[in-house]
Amino acid sequence: METESSLLPKLDDLELFEFIRKNLYSAVISDVLDEFGFRCQAMGPEVRPLSKKFVLVGRAKTILWVDVFEVGTDPYASEIAAVDSIKPGEVAVNCTNQSTRNAPWGELMSTATKARGGLGAIVDGLVRDSLGIIKMGFPVFCTGLRPIDSKGRGMVVDCDVPVRVGGVKIQPGDIVFGDNDGVVVVPSECERDVLEQALEKVSRERSSLKELRAGKLLRQVYDKYGVL
Amino acid sequence: METESSLLPKLDDLELFEFIRKNLYSAVISDVLDEFGFRCQAMGPEVRPLSKKFVLVGRAKTILWVDVFEVGTDPYASEIAAVDSIKPGEVAVNCTNQSTRNAPWGELMSTATKARGGLGAIVDGLVRDSLGIIKMGFPVFCTGLRPIDSKGRGMVVDCDVPVRVGGVKIQPGDIVFGDNDGVVVVPSECERDVLEQALEKVSRERSSLKELRAGKLLRQVYDKYGVL
Amino acid sequence: METESSLLPKLDDLELFEFIRKNLYSAVISDVLDEFGFRCQAMGPEVRPLSKKFVLVGRAKTILWVDVFEVGTDPYASEIAAVDSIKPGEVAVNCTNQSTRNAPWGELMSTATKARGGLGAIVDGLVRDSLGIIKMGFPVFCTGLRPIDSKGRGMVVDCDVPVRVGGVKIQPGDIVFGDNDGVVVVPSECERDVLEQALEKVSRERSSLKELRAGKLLRQVYDKYGVL
Amino acid sequence: METESSLLPKLDDLELFEFIRKNLYSAVISDVLDEFGFRCQAMGPEVRPLSKKFVLVGRAKTILWVDVFEVGTDPYASEIAAVDSIKPGEVAVNCTNQSTRNAPWGELMSTATKARGGLGAIVDGLVRDSLGIIKMGFPVFCTGLRPIDSKGRGMVVDCDVPVRVGGVKIQPGDIVFGDNDGVVVVPSECERDVLEQALEKVSRERSSLKELRAGKLLRQVYDKYGVL
Amino acid sequence: METESSLLPKLDDLELFEFIRKNLYSAVISDVLDEFGFRCQAMGPEVRPLSKKFVLVGRAKTILWVDVFEVGTDPYASEIAAVDSIKPGEVAVNCTNQSTRNAPWGELMSTATKARGGLGAIVDGLVRDSLGIIKMGFPVFCTGLRPIDSKGRGMVVDCDVPVRVGGVKIQPGDIVFGDNDGVVVVPSECERDVLEQALEKVSRERSSLKELRAGKLLRQVYDKYGVL
Amino acid sequence: METESSLLPKLDDLELFEFIRKNLYSAVISDVLDEFGFRCQAMGPEVRPLSKKFVLVGRAKTILWVDVFEVGTDPYASEIAAVDSIKPGEVAVNCTNQSTRNAPWGELMSTATKARGGLGAIVDGLVRDSLGIIKMGFPVFCTGLRPIDSKGRGMVVDCDVPVRVGGVKIQPGDIVFGDNDGVVVVPSECERDVLEQALEKVSRERSSLKELRAGKLLRQVYDKYGVL
């Protein structure tokens, strides 16, 4: 499934993320992952961007939370450590096991993450300070909003371990890509091949759209380009 | 319940749909359906437009899907045939039985449908290519978004049969009307009478609003106009 | 937890609501309620504003609904009475026990409420006429939209009694505050102290944000300001 | 669809209920209701008998509940009145609109109902005193168990009105029939015809079973008896 | 609310648990907790005993779990330590935050707990080895069954901390009582008074039942005994 | 992971199924599948046996259903063909995509399946004629009961294709094993090795239990036998 002359230039991580942020979208990446046999890489429809315009690309910095029921001593210690350890090009991928009790992510966490070079955040749970985050233009994806703090409700128990978010297993370092259709996870073992193929598929989709607009039947266009 | 001099001009289907798209809204149609004894014609709140501004009117072209678990030979054959058979004035009404596994509808399907004269799509399931569809201005209603394709996940098993979408039984040819409040289904047996009455009710609602704004009590206004 | 010189001016209710609408947000009020030991005052993520821009403040006028299954005589009598009894500064807080069968609130109810001096509405259920309500700029919070009327589906059984909405117990007269993050309920017994503290916390949050933007670690900033 | 010589003897209500309790079952009644065009008469799978052995037959005495959030004065007044007004041959059909907050039915209510000649109870909600009720042999169907009382949590708002329980609309006086497969509701307008047909279908089912056990193919047996 | 001559003998914990296991039931304890103002002490209907006959009494030994997504080194270490530290008269109260991914409790854990003098287990999640546990007569309450192990799926993160199970906040050392109607939690601060009152209420309930069976109206009996 | 001298005798399929039905249980098979890296083979807790005593073993005969909304001509044709084609040693594994609209399986289907040599049925949906099926001793697993027929509600669309039931992907011919803890699916590629290991693990579990009963700590017993 390799292409001869690559559509994907040689780039470092930060340049790569910017390149694919501008040139790809989640649906085409998902299709190529399917072709490579990775058929469970798209998060469920409950994980939504705070803004329709958000596009998120980066490497997963995984953070595992647990619901707790008392305010401990230094209750934020582990989440502060997690955020302070984020590296440029990373996305905070927070697994709360679908908690709806509190909002572990907000504007302060977003601001701190951005200051470290982080590129966004995903939470399989709730978020607060939504308007502030939107105003920052910092792409946060979550399952809902609630104004309530994590103190005494949720606690970080581990970092940099495999997690499951939106139904997808994520290894630390996997590329995550999110836009208004949702989030896909690209396993690191095939990331370059997948991105290559996706760039190639984008052009076939554009041609299909053009001919459909011109009135061709879907049958004809699909037979010609093989994309749907 | 007929009115003497009709508010509804004699129009062909396409003109009629344009007329009611501009002059009616889902809530007033739902109220009149209630009065005619059709009390289960409003889809549930899970069926949402991709854009607040979308207004959808047309005759239901019903399409029935089933979840599948392998990629068959020519896996898109039946859905391509369904879309290619859409006629002017029709809306693709897709019943997936609330599947959240894949997004059977997207920009290519929307473009192909529009090219056939189709006026929109409803899915009791997921959609992808949301921003592209919004940009087209093609009214699509669905229960969520996910970037993942139907290939090997969903398959069209039948067309032009009764379906249930959003909790409402729909016969092929029923008029469907959707706006930001949701979708109502007008059975063909009473469509003209319902639309007539709805036009008449709109004016009573406008009068009620005006008097309420002027400070009248709801009791007074309701007693006068009989609408709430 | 009292502050010496108050940040909160002496104001009557309507002025107070306008002041806090401009100077506070739900997350900071929730944090202060936590500090006061009121840890269950934030409604769940299912209660959403019709518009991202809506900010809602007022005293709860509670209204209790029950699902019914026939159209009674004068079916709207009790809801009309409820709305007509709303007083300036009040917010209609409708408890339907999470009904999704109908939309008990719409543009006529909003218009009537506004005419009485009401400042908004919360429904733990569905709403209709959403675009009209947004256009009015009348802050309505609900769990979804559906174009279907309450007649023969829902009925007001009581007013001015304790209710539970979005998982929070609300007494008539409690201050409710809603914005894009959700809704918090401030018990009347501690309202002045909570609002004072919240104003004070806002300034600490602003300082934290500024230093985080300047590149300080979250650990440093949290140790200095004690907010997260 | 009438049969010439009736399988159903002329009986008064109490004798009739005892006769059909012994000779029919919910599945065969549901099939015949389907044939008569009443296709939404079987409650959903969430309504379960407290004991596998329970068979329930009687006329619906409908009771409508609402969730409340304070202990009123004489909080049980309306439910006591409802139970005390039950007549011989009736089944208490309690609509709580799927409340899971409390258990409005228990051993005292069952005992009082039985003392009035009541034949059972259905609740689209929770029940308590389950072992006592099972020991009484009083057929109660519900959606779950919880030891918590209705006082200050649920209140009867009306009796002898149409309700919806387990997804089925029930008119006062409809015959309800429940066994381990669930509950069906027989509208009074067709009850005699439905019961007749059901008795007739029972014998065809027995013949089908006998031939299947003897090794005939399902195709052969279905072609012969027309039942599945 | 104290009674003069106590119905509750002076007993040590193990004798007390055996006494109330034989003389009380969850519904009556729940009613008395209501009277004492503790109105949120009954777990939700999802927490069920493995056998109808199970009655569970003991002090809560709380155990907090988190879902994990890899098999760590010595993955069972913390749960083994938790079980080995159970003391006579304790009940293992496992909070998994409603996980349905695995069954953290089974026959080996039950056997080990029993060997330490533990009196039962509650899990707000799944259990396996159900028939073995039933055969042991060891009262286990849970939300479902699944044959799948916790290794690499769930991990104990803490013990002897407040947890929430079945919607009820539980402090280590609270008395938990479970039977076929569900589980109630008696806060230690009022346990003796609650148990006293419950014993007293049992006798009033028996008298009510007797008079109802004799044909008295519910109104009469309630007015006399004040219990429902 | 092979053992030298096999605990599993050489047997034909029917003898094998009887052997493992008597000697294994779902939990131990699930544990061994975990060790082989097949970690998603246990169905979810919603799939339950009709009787606690049911043990089910056989090869999957997969049947795929779709919800439909009208009674077609010969509406049962495909399901009759499916059942009539069942071969000795097979279990009917019905994928309805979690439909709760009707009960596609009942006593007639069970009787016909048994007559063909079928060994049981699994449905990710509802069943009827529960008491008759229990009396037959024919192991049926399902997600609930409802007395309502599939005619015009559900239709078989395919057989002998991969399906997903209870969250597990099943290939035709996979061994399915179900008991009161739930159902596990053994992929055919590793079935002999898995069953071997499971038999070996059973004896280690028995030894663990014995030593725990004798009072050893879980830590000691786990260190010695390595099972939990």
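Chains: A, B, C, D, E and F, in written order; residue numbering restarts at 1 for each.
Going forward, a residue touches a chain if its C-beta (ideal position, glycine included) is under 8 Å from a C-beta of that chain, and two chains touch if they have at least 3 such contacts.
Given the structure is predicted, the values throughout are model-derived calculations rather than measurements.
J.: So which chains are sitting against chain C and chain E at once?
T.: Touches both chain C and chain E: A, D.
J.: Specify the chain most distant from chain F by Cα centroid.
T.: Ranked by distance of C-alpha centres from chain F, the top chain is C.
J.: Could you tell me which chain lies farthest from chain D when each chain's centre is the average position of its Cα atoms?
T.: Farthest by centroid: A.
J.: Same or different interface residues for chain A and chain E, judged by whether over half of the residue numbers are used by both?
T.: At the contact between chain A and chain E, which are copies of one sequence, the residues are largely the same (over half shared).
J.: Taking each chain's centre as the mean position of its Cα atoms, how many Å separate chain E from chain F?
T.: Between these chains, centre-to-centre, one finds 32 Å.
J.: In whole angstrom, what separates the CA-based centres of chain C and chain F?
T.: Each chain's C-alpha centroid was found; their separation is 50 Å.
J.: Can you list every residue of chain A that touches 2 or more other chains, as numbers and ranges?
T.: none
J.: Report the complete set of touching chain pairs.
T.: A-B, A-C, A-E, B-C, B-F, C-D, D-E, D-F, E-F
J.: In the complex, go through chain B and note every residue touching chain F.
T.: It comes out as residues 64, 66-70, 95, 97, 99, 157-158, 161-164, 169.
J.: Would you tell me which residues of chain A are touching chain B in their complex?
T.: Touch list, chain A to chain B: 25-27, 29-31, 34, 39, 42-46, 48, 52, 179-184, 205, 208-209, 212-219, 221-222, 227-228.
J.: Which bits of chain D are touching chain E when the two form their complex?
T.: Checking each residue of chain D against chain E gives 76, 79-81, 83-84, 100, 103, 106-109, 111-112, 115, 126, 128-131, 143-149, 151-152.
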